[in-house]
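Note that subunit A is present in both complexes that follow, paired respectively with subunit B and with subunit C.
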Partner chain A sequence: MPSNKVQSIKEELKEKIMQSEDAVFKELHTKEKYIEALYIKTISDETVIQDYVVKPFFEIATAETFLAYLQSHPKVKPFESEEQTLEELIRGVAVLFYQDFIFIFDSKVDRNNSVLDTTVETTIQGPQSGLSESLPTNLGLIRHRYPETTLNVESTTIGEISKTKVMILHDEKLVDQDVLRRVKEFLDEVDIQMFQTGEQLLDLIKKSNRALFPVMLVTERPDRVAVNLAAGKVVLLVSGSSFAVILPTVMKDFMASMEDIYQTYWVSIFLQVLRYVGFVTSLILPGLYVAVTSYNPELFRFQLALSIAGSRSAVPYPSFVEVVIMLFMMELLTEASIRLPKAIGPTATTVGGLILGQAATEAGLVSNIMIIIVSAVAISNFVVPINAFSFSVRIVKYIILALATCFGLVGVVLGFFMFLAYMVKLDSFGQPFLTLVQTKSTKE
Partner chain B sequence: MNRYFLYLVFLNMLINVIIFVPKILIEHRYNGSVMGVLIAIPIGIGMNYLYSHSLNKFPGQGLPEILADSKHRWLVNLHLGSIQILWFSAGLITLLGFIDILSRFVNPEMPKLFLITIYLAAIFLIIQLPTKRVMYFLEIVLFLNTPLIGFIIYKTLTSEFLSWDSILEVGTHLFEKPSLKAMAAATYTFSGFTNLIIFNRVIKEKLKIWNFIIILFLGVFNLFTTFFIPIGFHGSDGAQEYLYPWISTSDSLRLVYSPIERVLYIFLMFYMSISLMSISIHWHVAFELLKGTFKEKENNKKNWMIMAAFMCCAIAGVLFLNTVLLNKITAYWMILLLGVEVMTVSIFFIWARRRTA
Partner chain C sequence: MKTLVKWRLIVISLSAVLLLNGCGFKDIDKRLFVVSIGIDKARNSTKKYLVSLKFAIPGGKNKANDFFIVTEKADSMAEAVRAIKTKVDKEIDFSHAKVFVFSEEMVKLTDNAGVYYWLARRRDIQEIAWVAIGTPTAMDVLKVKPKSEQLPSNALFLSLGKDGSETPYIISEFYFDMKKRLIERGLDPFLPIIEAKKDLLEVNTVGLFNKSKLILNLSQEETKILNHIMNRENKSALWVKTGNIKFIVNTTKIKTKYKIITLKGKQPFIKVSVKVNGTIEETTAKITNEKLSRYEKAAEKRLKKQIKGVLVKIQKANVDPIGFGLRYRSRHFNNNDWEEWQRIYPHLVFKVDTKVKISDTGLIE
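Presenting the complex of A and B:
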């Protein structure tokens, strides 16, 4: 008979867990031996229990051999403490009570372990698969791409309720110890109830919870993770999220697409320049339009100035109203096309973009040139490869627009430089945000 | 970082267009400017060398830190105080001058008081950054603007309207008795080194000799362009008719194929950022020195008080000074600056020698 201690632990565990419907307490008997198993069937894999516990139980005759089998099985851990067992139990393990022993049998079901295709950061060439939603699979994917013995994996939990498992990966040989210390400090300080995905950290990094720019990169590509590990960065994998978080991240990383590595040298340089030009365009173009039409039409050569003024001749209000209306429409269109089902998406953009734009011009509500500018802004905004960053840029252009409305050309130029100064002020775990040349280059 | 030193000096060379240096030089073109400029070059380079050489003995430290353990507290305060007033006024003159230019050439209908608010906002954002970050920002601004400078200078030098005869005519007044005002104005070109008082914090290693060689060439070229190109464009007599000779010069250039036809606008947009940076650097020095003068602990309230004081000065300046008055004051201020610079450099040189000997 089991001793009293084991009996009391069993009773206590049962009492804490049995009120839910999916908890299972099973007893198995043969002539010589009997075993009890406690698990939650919705998060445990019953076939695993069947294969590794139930079948051997009936196949192995003597009690001692079965005990030896259990003790030597790789999926079986000995009992440590009651709290820890309970913790594991609600994560899907089975607790086995056999004779005087308590075993923890790893029967966690790994449901979302299929590798997903990249949908956010797509490239033309290079690997097309992203991370999965399962932590062990993700770790496996990364280890596969980064076969180094120095790859160090630690884990911690975040979230009062969700108790989400987070893995901290870094290359012991390459990582900046100061950065690693800062990252760990930051993770210890995170105070949140439900932690679902790495993106949530973007806001938590600022004490005030109001960050304008992301200072960590959230990616779905295992190749990007591997490249960044090789650059000495720290990577966080969050259980249940198909996105990894890369720290520290500076602007250069936000402007880099994985494709840069997969293209030839001059092509990737060209693409980089293109992105920066697009970035600046989407920032200052609306502001510049207001400044040029309302404050300094003499800036441009007079043919151009005349054609701008001519196209605006039917518009009954000042240029900034025109810009605000059109930008607002464009933002609505962008927002809507994210929400819409895939089948209706193209219709909405056609209706919104083409027909509305055309009609608005013909009705004399906005000028032709305004339509061109708004589309240029919208397109160039999405040239920025990392979404979180391009969303921030979307906001900044309104600030510059407001300054341009008040101060004209001076507002545009100074607004741009104030924005630069703000970025100079930012840092990501001790790395200045605008660092261009990192000591350890991302490109190998 | 060696190149940081170069940036500081280079920034001052660029900004002299705003701070009335060409105006003062052209005013005295027949009586002593040329000789003044020629004398200013060795003086400027010499001061650059001596000061940075003696500051180099304290790598990674600004003047407040170097003097922190001095026994003569009041002497230190007097020393730091005089520099910070002077350096604050340098920023102030640049600011007022540039606001005046903006209201003349870009936003004539906007009240100056309104125009200055955005400048003050941007400046206060920058001067509060740590010294190292200010330096980064300066590097970025210069990186963005240097191609433009090169382009504009290339355009002026290759312009068919540049009259070399006028330049040569002014050049013949070489042997006039040098004028003090012109000389002081010309040395301003080199006086970016005084920013090292604070920015020595980011310079950790020894300054190499090539820095000074580059400064010599840049300085000579810069003085030549500042002084002679407006004369070349407007003629030796006509040049003095303009309040801002260089701005009018850039307005005489035309880019035939560019959507922005008038170089004036490119020039002004480029100077918007350069002057922002110059004012911020000067005021950052003043701000940090002011924080270093009082030994108490840093707090936000004090920082805001300092900035409020800066703001009041700037607004008072906008309200009470007009261009002509500002121009006159600047001419005398330059002489004062030269005197204080010579004094500071020599005193510090001797002090540093004794200290480290």
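Presenting the complex of A and C:
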């Protein structure tokens, strides 16, 4: 490259970057040779520059040998274009000007590469470590768990400002090409300024079709990612996020915990049944309470009917108001305990759950049975292993409650059928939401 | 614009739906639960019946087993209930009314169909309720408050149902079954008789109906035998006396089969075979395992006599609680099968065959 052109590029880059305080322009001299380096010190690893550029520069005597050293170094790339260089510069590379050459030296610092413990999807047995916040580390973790040559990695960027790097992983042999195409189309359509983490996609896809339920699974577990890759799913890794997105996901995946494959057969069957029972309980119990106490008390055993009537006798409001009050309190409590710092979280739940519940019954605002119902609903809601899904379920129970208030038991049945019909309609990237057995791609 | 109109429509129709909730919505604490219904013949009155409803008062742990009874004289159930409604503050709910007690005087009246079918016509009355005859009056039965009772009328529910005591002296009767027996030709209703004592309820006899009218009261032992014939209860006891030894067989299984045999030119008869398994529970003299067959024979003889006695007694009264007539009609496809049966039944002969198996003496020798 002619030296005047090198000079002009250098000046232009310097002009664009030097306003910021953390930009560094360094000149190194020996008798035979002269090198200039331009980088941003906050996102570049200066020890890497020191080890691979500065030290060899003073150790290697002749100018030709040093040029050969630079050209053969794996971290060094030749200059391509000015825009591309600028782009790389703000991501942490160093630009080296040596003789009439411009080199791009990869000195990006990777600050968040520590592997985190799982905090959201905890299991008793099985791997305990989750993903990290660094994209290369995550990819490494997954490749480590999924050593297949057919594992295909593509990358794209999302976000107008954030330009976040997103990697699309799939097993070439197992993936459904139609699903892959839909996923890519979806990613192309994403219109967002700041893209920070995969969970945002849940919201973005919702805006496009207003889905009540999530149709992709966000996980922090590399073992879940590996298992899903083997099932022919597409995995998205987002730079800077310790969560991976798995698509397409259906109800079965939301109700599965990684623990299921780490337990013996009957235990995991039992746990699955338990989860589905809990799921249905949290859905219909509030509605069922209203329907049975206010429309069809003959459904209770006589003893229970009398004790409910007795405990309700001091309550001034109709049953549905009672249920709504208590459910609202419970939602507040759940919400508050998420936001609160870990140190005072238990206090809040104790004060809220025990004292408030006790006081509410003493004051005659709600009946004893209601406290049991609300606690049962809250607990059974947490049985659903994937949080995004259990949040959705929290909403559906109000719809069923409203229908039960208006139509009694028929309303509960109607609400449940509507819920079922909605799930039948729903699909995740072409996969029906209620798919029980996921078929592998027929194209081998 | 179009979507806005659509949304407006949805919101309006939904809020209209919300206004509809008045019709069936009544909170459980605004209802008064009727636990049992008593119907007597009204005395010193122009009205026909005296209807008593026993209401449970819901309460906490401290106020358990509280109830009150409201009565009304009326010519029909509907009238009585409407009148009682004006005497109580909450909505009367019949959904937990599980026992209907009729007095003996009342079931001896002939035109009670209105009352019997009122129970079926009310949509909130469950037909799995028990029906019984109360003595001295139905009202007295409702008033009894047994010491062991935790909830109003629970003692009745437990003794009539299988949840509580199991005894061959109670032949309980569900309302739906009674309703069937009221109209079925060849199958007559029966009701257990509940006797109100001071602090106890005694249920050990049964009254047999000729359709809607009480005809015959069986004694306690006869009730037990009828129970055996109808295969209702396995846990029972046989009292046997042979020579000067008296022993009692505790039964574990009783199975009765019968067959109506009508041969041309011969007298029709019913072959009843009873199989009993059991052990010896009490005896006045030593019984050894070797001699068990002798005692089995004695028990068979005794049981045979008892069963035959009950069957003949029922036949003499011309009632049919066991359903011989229905069995006959189900096996004969003539147009006049019912008339034929009515002709045959008074002259039927019962051939009873009993087989008692005493598995052990109850002791280790």
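Heads up, the rule we're going with is that the second predicted complex is superposed on the first by the 431 of 444 C-alpha atoms of A that agree within 3 Å, B and C clash if a C-alpha of one lies under 4 Å from a C-alpha of the other, contacts with A are read in each partner's own complex, and residues count from 1 in each chain.
Methods note: a residue touches a chain if its C-beta (ideal position, glycine included) is under 8 Å from a C-beta of that chain, and two chains touch if they have at least 3 such contacts.
Note that the structure is predicted; figures quoted are calculated from it, not measured.
A.B. asks: Could you tell me if A:Leu304 is touching subunit B, subunit C, both of them or neither one (first, second, both, neither)?
C.D. replies: first
A.B. asks: Applying the document's definition of touch, where does A:Tyr295 land relative to subunit B and subunit C: first, second, both, or neither?
C.D. replies: In the superposition, A:Tyr295 contacts both subunit B and subunit C.
A.B. asks: Could you look at A:Gly408 and tell me whether it touches subunit B, subunit C, both or neither (first, second, both, neither)?
C.D. replies: A:Gly408 contacts both subunit B and subunit C.
A.B. asks: Check the residue A:Met418 against both partner chains and state whether it touches subunit B (first), subunit C (second), both, or neither.
C.D. replies: In the superposition, A:Met418 touches subunit B alone.
A.B. asks: Classify the contacts of A:Val24 with the two partner chains as first (subunit B alone), second (subunit C alone), both, or neither.
C.D. replies: neither
A.B. asks: Looking at A:Leu67 after the superposition, I want to know if it touches subunit B, subunit C, both of them or none. Which is it: first, second, both, neither?
C.D. replies: A:Leu67 contacts neither subunit B nor subunit C.
A.B. asks: In the superposed arrangement, which partner chain does A:Arg312 touch: subunit B (first), subunit C (second), both, or neither?
C.D. replies: A:Arg312 sits against subunit C, while subunit B stays out of touch.
A.B. asks: Applying the touch criterion given at the start, work out whether A:Ala376 contacts subunit B, subunit C, both or neither, answering first, second, both or neither.
C.D. replies: Neither subunit B nor subunit C is touched by A:Ala376.
A.B. asks: On subunit A, which stretch or stretches are contacted by subunit B in one complex as well as by subunit C in the other?
C.D. replies: Residues 295-296, 298, 302, 406, 408, which sit in both footprints.
A.B. asks: In the complex, go through subunit A and note every residue touching subunit C.
C.D. replies: 293-298, 302-303, 305-313, 315, 318-319, 405-406, 408
A.B. asks: Flag every residue of subunit C that touches subunit A in the complex, lowest number first.
C.D. replies: Residue list for subunit C touching subunit A: 17-18, 20-21, 24-29, 31, 33, 35, 56, 58-60, 63, 93, 95-96, 98, 124, 126, 150-151, 154, 157.
A.B. asks: Could you list, by residue number, the parts of subunit A that touch subunit B in their complex?
C.D. replies: That would be residues 295-296, 298-302, 304, 403, 406-411, 413-414, 417-418, 420-422, 424-425, 432, 434 of subunit A.
A.B. asks: Considering only the defined contacts, which subunit B positions touch subunit A in the complex?
C.D. replies: Those residues of subunit B that touch subunit A are 102, 106-107, 110, 114-115, 118-119, 121-122, 125-126, 129, 133, 136-137, 140-141, 258-262, 265, 269, 272-273, 276.
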